[in-house]
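Chain naming follows the written order as A, B, C, D, E and F, and within any one chain the residues start at number 1.
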């Protein structure tokens, strides 16, 4: 159960409106790696978590914090949308560069949102539940969480270089700091999982290794693109990070199975089927009644 | 530029048809972490990669291999769809359990695909380009690739427990083995990136730390959900995995900014605006012509 | 800023597992009128609201409550997914009706979610940000909120008739009760808006009526389908609910404008254009260099 | 069965081309509350309507009219796209402000549509069948129809303030007038439903009230966000609009159920499970064959 | 402008309910090649058509007819959904095979649609505006229309083999007949376009051939997959169907351009960039303020 | 199984950066008729093809070639994105027209893609698996392939007129040439199918004609829109292209079935139902427990 206070986690107001940057900022609100994604992802992982204790607490703590980040970014976007011109002529009347801001803004911010933020990305494509993964396997999910925070911090750092507004930059600095914490946190949580003996790489480690083709396929690098540069990397020789094997550099990849020849299809599906000999087809009209 | 041989990378045929499992297998073909995702993700990462040499080669090698995995799974699904009954009465006539297989299959496999695989997930939802990320930052992307392979291997291992068909299991074993390799490989690539001095955690490490609020926000754990279990984890004390700080356990989270009060909106957007005093609203009809 | 307690708003546990009903219950979690929609809709409306005071408070109160409903339904779904068979043979071994439950369940609940809930609807289609509207006009949005709660309560009442599990029914009763409250609440909020003089029907009432074709089009019912039953309804005669006019029943609809004839297109777009006289076309290959 | 005349319901031609406004106008064609949505929504409601007579006639009348509105907006957009420059250099050569129009237009209007309208919104996101609801319950649907017309008229009134073209404004005035009619009409239809004794609030009124927690949850306002402003509203005291109860202002919300502790998951799904005691996990590799 | 009569174009009622087939029938209503697609596609093509006369008339004639087919299929689905059991126990009580029908039905038909059709496909994925193409080039569009009618008739013929209900079969026969007509019609329209001198293959024929690499690439078959079977086809030798050239069978495909080496990226985007020499990277933290 | 060489099929580099055109070029990469669509469509058609030999070889040949086209367009887009300004002020500082390029570019190219191409269309809407059709019926699919290549060449020819960059134009010329080949090739493949006796129009020709209403509906043109222009076309008289009949021009369309009257719905779904007599409704609250 949640409760809400109207104060924000961090204070940051834009120095002025900027409908163009408001559009860009939507990416870290409603894009694939935006705050809506991490908030929902951590909460679903926490709610679905079957292991009570510190991991479940961690997921619900951080998911709840991210809901507050959603709020801060929505508030910032809404402020950036103030005083925007509604037409090109008005935009140009305001200032010479106004035409480009107008052209580069998101029309839906005004027509649909009435000057408010939307649950969508920088192109106005709606946020999507498929962005969220809660697999039940904490190591698989924590790896994904590290990646989400890394992609998220990368996006925020790019946005930082796209604006001169000190108030906006202040909010982005805060988000960068929390992304720094959260990258570290999920990496630490991965270490903790291993220390607690709960899971190791490769995920899922409970799947018995003996059923795989360990020698031939589990540790062999195969080069399907021309060039041999990749053979110089750590992934083609030496011990594997899971501590269970040695990388080997495979011969150039070869096919291990003949060309598949499919059986004829059900004639009632009217596909184009085998049965052609010398140009003669045994095509039979299906009996329909 | 690509070329194709009709032989497959690995030999595996189902012992018999199973339209129900064909639907399930679609998840690792066209789902969020299916082979279409990793094939396209690695290829886009490789094509967009501005650093020539072993990393670019690696991405294109493995992306190309994954295209061959797409092919193998399509072939398997197509074979599993053979001889499926087209109606419930036919399904029941075949065998007593046939009704459940029929009910649990994907109708589009037959109506749209004519007995062939589709670029969609286990519920028939089409594969989506948003599943692919190629950010240009190799550490962020390799972290995501580790996660994708971990989620992928997890899904294949679950599918392994959902079928008794030895031929299908043989294909899944092969995929598990390659996912083992690929998890190890991306972890090794992360180590390589660090050794080569190209990138460190937190991503992007080139963003200057001094602009963040290092003391207060970059290394502080904040517990927004009730309970203090999470404070016991490695993420709340001790050195941070990025080697740059010490985790601290924050006081219970507090708001640092007052409740935001937004400026009135443009009356031409007809939002509900401030201007109410004692129930009296200064509502002015906008001048329109 | 949000905080979370791990206790739930209401106690309800299923008496037993039911993967088939777990799939159905997803509709009120991640469907168009599910709890994710109302939670996000009210929160975005509240955050974007430019009118401080009781309306903003209302929106944030209820949006926050709905986040707790998301949590309760996720928890219920996760419990309903316990002990589900992973294959048809196992399902039938359990009990004779097990095949149908297996066939009617959502495979992604297991392959992707590992036995946990997903942010998706009853068919596994992901939740979508376009489900959320926060227009800035409170009357337009409160009307939408009434509708969302009506559709939501309707769906819950249908689900109530689809299960015999007393624990599930108990949760549904709670949701029905809150939907009753919320329908009443948004209706009351509409009355309040009118009393406060903030907005009237038709939305937006600040748009000046004189610019519309009041006599001819604003209050005239037009029957475009055969039959005259509709002319008997309250919408074809008598005072209009906005208190500003009288409905009239239009003559049978007629076109007021000639067939549109479009100008030729830019030949560089290679559309098929006018310029045909007596079968002779003046087609000119565009000059390209 | 439908028939079509080529004349339009209302005459309106733009005074000149404007590719930028053409993009914006798409919102009321193919956006969530555009004409495609209401046309399809009313037709599906009518076709699915199991109650013959005036309601079914109403739905089919208005749905058919909206198809003609789709046509008028498509025609307007197509005309607005005429003579648009195909490149920035050309756009600037035409006039100094041409660059901003070019930049703010939708490239797909030209590349995909060849200078014609698309079934998509102002950002080029395709129209979606999920925008349509036909629930079978007329009161729930009429409430949604009121909301759709309110949001639609709001969007048209905003567009009215975004253009100076008299011909475009004339079309928008016509749409505003019909939206005025349609808001009134659905409100009247709601009254009619009640008069005919078919349905009352809360929807669905046939669901027996006694199964809900009437006292505790059906009429109690709960404030989950800080601040007590909302307690001043009509939704926290006084009679409820459904005429069946009295609002009461709840104590501050409290949890009524303990923290949920989930059962362990099926080990064959390889989730991270309970079974940890003092850091010792009983992890058992599942038997796979 | 449209008008509607409540009578249907063709009489067909199911002999009995079948919720399983109702789900399947959705594919030709709201799937990629369903009636919603062709209705909207032909209408958008007609409205956007800049060539007055017989082609525009044709498009609007047939698009309007297809709207009536949408209506017939909606009506059929709604009837097929009658008397469906709401739970598995009820389904089995009805008849032994009832469990499979229940399991294979679409839950949203009941929970969302209340027993009515939805604008979605056989898996419940909503219809999408991207299914519609109206390019402005009539030959390109008529080719697409032939394809849509061919895929559509194929799907209907498959559905014909999936049901034993005489009433349903009667509707499908009618649809098959109209699809026969429409395939013929669009093929005739292609011939007409050529006769009228409006367009020839390859589309767009107004694009000057001389700017292409006619000899080398415009008529040369290239075999990128192993095996030489394709070289036996009509596409590898002989005159080309556009009447402008001769097919030739290319040598085995070769690359004509060196490996692309991309320039370094903007350091402010924090991608991983060139500048590595012997493992030494010139990484410079960007100056941010 | 695939292999990859790093050289490209054709050499073309842009003369300079152009982030605006980079956005436009995405349409033929990740739009409905972009290279991702044809590559995947031909490969899925090939993999699912149950007829070994020249057709399967053809599909896999060309699908593999299109993968190389995906690569070339990705590379071109990535190069066009170089040196793009990150903010409006920077854009204007560079050159006076820079503001419009900035405004018209895709923000996700930078924020998400870090200066690289994305699997999305010109508006940033992700590529979708529903763009791909592999029906199993080669004639239906080859007709669709003709249409895809026609739409694709049309889009490329439009893009050709939207840029002055000689290097970009060179790439587009190459794509135009291959689209010329591929249109011809699929037309030839259609002829080949007929010659081989595998399939004829109308698709599927194996469905027995006698079950359709040949006289009345299979060859009759029906004019549902006003005007009789269409009756002049080849589709209203003369022999049908399938060689099996004669077109006839129908009388003006008439309904052949009475208005459908639906049975009452299940009261447990709470729809609005028949049962009203003289305003009196037999509404019974369902028994729920």
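As a working rule, a contact is a pair of C-beta atoms (placed from the backbone, for glycine too) under 8 Å apart; a residue touches a chain by one contact, two chains touch by 3 or more.
The UniProt protein names, listed by chain, are A, B, C, D, E, F = Manganese catalase family protein.
What you see is a predicted model; the values in this text were computed from it and never measured.
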| item | value |
| --- | --- |
| Steps in the shortest chain-to-chain touch route ending at chain F and beginning at chain B | 1 |
| Each chain counted as touching chain E and chain F at once | A, B, C, D |
| Pair joined by the larger number of C-beta contacts - A-F, C-F | A-F |
| Interface numbering overlap (same over half, different under half) for chain D and chain F | different |
| Distance between chain centroids, defined by C-alpha means - chain B, chain E (Å) | 27 |
| CA centroid of chain C to CA centroid of chain D, Å | 7 |
| For chain E, residues contacting two or more additional chains | 1-9, 32-33, 48, 50, 53, 55, 57, 60-61, 63-65, 68, 75, 78, 86, 99-100, 102-104, 110, 112, 114-115, 123-126, 128, 130, 133, 135-137, 139, 154, 157-158, 160-161, 195, 203-204, 207, 211, 224-225, 227, 253, 255, 259, 262-263, 265, 268-271, 286, 288 |
| Topology of the chain contact graph, where touching chains are joined (line, ring, star, complete, other) | complete |
| Touching residues on chain D, where the partner in the complex is chain A | 20, 23-24, 27-28, 31-33, 97, 99-104, 121-125, 154-155, 158-159, 161-164, 224-227, 253, 255, 261-265, 267, 269-274, 276, 279-281, 283-289 |
| Of chain C, residues touching chain B in the complex | 1-7, 48-53, 55, 86-89, 91-92, 99-100, 102-104, 106-108, 110-112, 114, 123-126, 135-139, 193, 195-199, 203-204, 206-208, 211 |
| Of all residues in chain C, those that touch chain A in their complex | 1-9, 30, 36, 40, 43-44, 47-48, 50, 60-61, 63-65, 67-68, 70-71, 74-75, 78, 112-120, 126-130, 132-137 |
| Touching residues on chain E, where the partner in the complex is chain A | 154, 157-158, 160-161, 169, 227, 259, 268-270, 286, 288 |
| Residues of chain E defined as touching chain F within the complex | 5-12, 32-33, 46, 53-58, 60-65, 68, 75, 78-79, 82-84, 86, 110, 114-115, 125, 128, 130-131, 133, 135, 137, 139-140, 143-144, 146-147, 149-151, 153-154, 157, 160, 173-174, 176-181, 183-189, 191-192, 195, 201-204, 207, 209, 211-214, 216-225, 227-235, 238, 240-242, 245, 247, 253, 255-260, 262-263, 265-266, 268-271 |
